[in-house]
Amino acid sequence: MVNVGILGATGMVGQRFIQLLDKHPDFDITALAASERSAGKRYEDATTWYLDEAMPESVKDIEVCETKPEAMSNDVDILFSSLPTDFAAKIEPAFAQDYIVASNASAMRMVPDVPLVIPEVNPEFLGLIETQQKNRGWDGFIVTNPNCSTIALTLTLKPIYDAYNINKVYVSTMQAISGAGYNGVPSMAIVDNIIPYIGNEEEKMESETLQLLGSFEDGVVKDADFKLSASCHRVGVVDGHTEAVFVELDKDEDIDDIKQTMANFKGRPQELGLYSAPKNPVIVKEEEDRPQPRLDRSADGGMAVTVGRVRKDAAMDNSFKYVLVGHNTVRGAAGASVLNAELINKEIL
Amino acid sequence: MVNVGILGATGMVGQRFIQLLDKHPDFDITALAASERSAGKRYEDATTWYLDEAMPESVKDIEVCETKPEAMSNDVDILFSSLPTDFAAKIEPAFAQDYIVASNASAMRMVPDVPLVIPEVNPEFLGLIETQQKNRGWDGFIVTNPNCSTIALTLTLKPIYDAYNINKVYVSTMQAISGAGYNGVPSMAIVDNIIPYIGNEEEKMESETLQLLGSFEDGVVKDADFKLSASCHRVGVVDGHTEAVFVELDKDEDIDDIKQTMANFKGRPQELGLYSAPKNPVIVKEEEDRPQPRLDRSADGGMAVTVGRVRKDAAMDNSFKYVLVGHNTVRGAAGASVLNAELINKEIL
Amino acid sequence: MVNVGILGATGMVGQRFIQLLDKHPDFDITALAASERSAGKRYEDATTWYLDEAMPESVKDIEVCETKPEAMSNDVDILFSSLPTDFAAKIEPAFAQDYIVASNASAMRMVPDVPLVIPEVNPEFLGLIETQQKNRGWDGFIVTNPNCSTIALTLTLKPIYDAYNINKVYVSTMQAISGAGYNGVPSMAIVDNIIPYIGNEEEKMESETLQLLGSFEDGVVKDADFKLSASCHRVGVVDGHTEAVFVELDKDEDIDDIKQTMANFKGRPQELGLYSAPKNPVIVKEEEDRPQPRLDRSADGGMAVTVGRVRKDAAMDNSFKYVLVGHNTVRGAAGASVLNAELINKEIL
Amino acid sequence: MVNVGILGATGMVGQRFIQLLDKHPDFDITALAASERSAGKRYEDATTWYLDEAMPESVKDIEVCETKPEAMSNDVDILFSSLPTDFAAKIEPAFAQDYIVASNASAMRMVPDVPLVIPEVNPEFLGLIETQQKNRGWDGFIVTNPNCSTIALTLTLKPIYDAYNINKVYVSTMQAISGAGYNGVPSMAIVDNIIPYIGNEEEKMESETLQLLGSFEDGVVKDADFKLSASCHRVGVVDGHTEAVFVELDKDEDIDDIKQTMANFKGRPQELGLYSAPKNPVIVKEEEDRPQPRLDRSADGGMAVTVGRVRKDAAMDNSFKYVLVGHNTVRGAAGASVLNAELINKEIL
């Protein structure tokens, strides 16, 4: 068993980490870090639990420590981070001197020697770790996963990207409120309403997706070379991001081939049989009114992305369109970091 | 005063007709038609009123008649129709023998000699009326307005189309539940959920928009020649469709010019000072998180479309993107037919 | 293993039956009955599946039969019924000639020789079965469970009723939309709204609760003798009924005793260790803002009722008040019938 | 014209004040006070406007001043206050030395020499002003209105209280999110959920209602002497509090008399023809599923309370029950203060 800790353990993504790690066969939660205010308290006393599944017994009595390396116990190997961006930028490097940090924070994603990884998409980017440790003289390292809406999109584009030539992608999102944290979206903003703006989200989707689908050669990441434009919107759904995707290829492809390509997609986690890997990263549905967030977000424990309405775009040349749903706090956040850690544990440790 | 009647008077769009016509300076409601079940009753007794503004006193005592020409009183000149498609296809032509039918139904929209009109966009299409009457030997005629999501989109594209050359448009909608009628969307389908499918909606948007922006020469309508692809989704908003729009032009245009072009747009209704015409058909907002359906749907009595986040699309060549909100049952339905009737009343009667 | 069938198998409660019975250690689903339209089809083809957990593989290939005794296979012992009231009134007696019917329908609940049972509350009412079979000459019999809002309320009142003397109970409900079936509540009725009326619900709560807490002596059920008044309202929650309860006792009781009494309550299912029995039928929470339907409805698989804000009612003599949440389609419907069947299987078969 | 100012002018209730006062025939907005951060800015620049009706032109250019007497211009006579409780407790008395303060804050409501007034219910309590000024040596004075949920309840109880003898009232509320301010209720707390707790709300309802229905004799307020118990809950409705009310009288009364008594109720504002007075403070509906917040909250501009389901409580002696809806930020907040000011303007100034 590998001992793991969680940075930001009392927040919503922190709680998802606990939920996903509670019965994990390889990882054992031994440290929970949070703000100064929580430090020293039992986890149960420090936390307002927001998930519908009850708080696991195993963490209730863990004493919350402060989020700094000197407060962290020595027998932890991997730290999962769901820290706010600004704080993550300062403190994750400090932890990385001694620990492996599997981070869901956006702070280090675009740093050239920090791998941004979806295990099914670009596991080879973990090769950057060596460079990172050399550059920085760290014993540990940082691995990041992308933004929630990026992960769902990229998982569905990966098989397309490998099989065909993509020219352009337009994506319009309808994102769940949990993505902003428990206090992130006021109810007055979302009941009978839509907020057509999420700070930095479009920029993240546009840059991260191209990096994830890019190449890693001679120690350098090179972006994929198609064009991608995003428009991001918040809607009154608790969990599960929905995305409408328009894809232009370089030539006309058969729509059934495209569906098969997505449905048959498997990546390294499926080959390795990683514990949190979904059987199929992309599930393709044929019903005319799916995917729906409430019904499809929890597919394969929330780790699979569900795709539907895969259809020829008759209005455009060489084009098709589809809709996807992915669980933003499982596959799009805590589950993404956990799968990264499982890959590291299998292939690197 | 012109005497008007409403076909489908007890339904949700029928109720909007009543609300918009109640204090109208040129139109006087004298006939209300509904199903056999309602016929013979006082309107108040026949109707479950769904609007938050109370039922106008003036219609409460009107006796509902059946929806057939022989039941209609002779002193009506214009009939507003919000009939279901199948029924409209059968009965609107029968009414058109003697009456002017301003229809919100989709049945006749794509019939070559029936004008599909947004007064600010293509008032000249009313020229088809003459052909229609000649072809069919009718004393009356049918004029239609487009689908709710099409109207909002087309109003914002019209100034762009006139000022620049559009290559392509992608639009992804987040549509209100009222668009499906009171019983159209079960609450189980929309609470904490999205339905990523609306029957025929994408087809309507793709075909109607190009026709509306097309030309009318020598008695023939010719579609606009750019490409338009739509993806349509239902969200838990009561009124007000939100649409994310991506536009590719043939060359790079200044984003401030584009905003000005939309904000300055005026059409025939504004020139003529029609009663229901909004001061500006398109309102451009600069706040980063507008338009929002709850806050913007009622702009200018629900007859203006609000646009925001008009921004350069850095990922694509010669492109920009924006978000719009339009009131689907006012500007997108009853108000559209009323404005058509006002234009007819001013220019044809 | 006991072979079981489901009447109304394609509906929402029917789907919950399947979910609860799929891995059941004692029951094996061998028959699924639905309307004529579905009969003859594979269950998967006949059904639009509405639950977020996927349809179990085991039922997909079962051929749906019509809902009449002659269409039912002989090797079924227990039939779970979630039929509409009117149809249940006609067809359940026909099935009861040969089968055990554990019914969630309201049709037969108030028939004097049909037991209305919550296993933790009044298991002894099963004694009516003998009378029922004798009266009617049936080989099978019918056992019913109460209305969803009644079950949750009665489970929390039972320990109070046993320990103290109740004078009066007032209850005001905030009920989930799933209680009306998938198409029962239009979204226009519930988004940014409340419907302050549910047909017959108040009457059911007022009569059923008193019967359930009543006595069964000499073959006759006698109602409990306190007064109970209900006001029932529908709110935009997917699953989980919330109820505000005001209780007047005959004398002043200690509020901590009252909490302990509820928290310590166990009934026959707990003694017998029935498979679907929650560890504690009533969970008492101390947080000031619990129970909440989204967070508490699934407690103990949805079979426990969660109570919070148990507090002295300072304004009234000898009174206290509390709030409860119970899962309306699990504990309040399918799970109730399943627990009844488990009790029958253990004590009668 | 009386010059008025608004304390807390940028908040949600502050915005309602502006909306209600914009076209007011007797009041002219000349001062807008807010936090230090807003002071010195134009109102339009200082404010994120949350109402669906646009910000009135007349206030856009007013320079926001700080919320302290020395920053207030001299030519203001009445100040409307929607300040947070703690701040109101400190600053309202300072303002009252020179100004009339019509306050919606709860800080001073229970102070013995500060009148708590609903003009239709207890206009005579304004007699306390003299005492207040004498006690404190102020040139101005403070008048308060009750809590939002109290106002709606008390308006419906007043005619009952006057016509019959009330023994007991139980009330269970379903309150709108706007009552907590724009940022008060996180969307994660209310989508597919209910929060069964609102801090201090039950205490306010229980104490304020009895005071309002009490007597004012010899300069002293004496509470009404029936019993009242409240349970308060937050639901996902934007505006409009819904309350289920159970009333026990001292003897059996005819239910139609009770309805007539409520429907015929008029108070001082109706006699005086005050500008914001609803024609009928209580509207009684006969439809079985009314009142509904989305449909009924705006009755008579949001100043009337709508009552429905007035029915005999067959389970209890001498009892009836009903449901009410009142607009919490109009009748329950800004409109309440404005009506108080209109009464003061007519009867005292």
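In this document, chain identifiers A, B, C and D correspond to the written order of the chains, with residue numbering beginning at 1 in each.
The rule is short, and it goes like this: contacts are C-beta pairs under 8 Å (C-beta built on N, C-alpha and C of every residue); 3 or more make two chains touch, one makes a residue touch a chain.
It should be emphasised that the depicted structure is a prediction, and the values quoted were computed from it without experimental measurement.
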{"item": "Between A-B and A-C, the pair joined by more C-beta contacts", "value": "A-B"}
{"item": "Copy pair subunit A, subunit D: interface residue numbering same or different (half cut)", "value": "same"}
{"item": "Distance-maximising chain from subunit D - centres being C-alpha averages", "value": "A"}
{"item": "Subunit A-subunit B separation of Cα centroids, rounded to whole Å", "value": "41"}
{"item": "Rounded Å distance, subunit A centre to subunit D centre (Cα mean)", "value": "47"}
{"item": "Residue list for subunit C, restricted to those that touch at least two other chains", "value": "50, 189, 191-192, 236-238, 294-295"}
{"item": "Footprint of subunit C on subunit B - complex, ascending", "value": "12, 50, 177-178, 182-192, 236-238"}
{"item": "Of all residues in subunit B, those that touch subunit D in their complex", "value": "50-54, 191-192, 238, 294-299"}
{"item": "In the complex with subunit B, residue positions of subunit A that touch it", "value": "168, 170, 172, 174, 189, 192-197, 206, 227-231, 233, 235-238, 242, 244, 246, 288-295, 308-309, 313, 315-316, 319, 321, 323"}
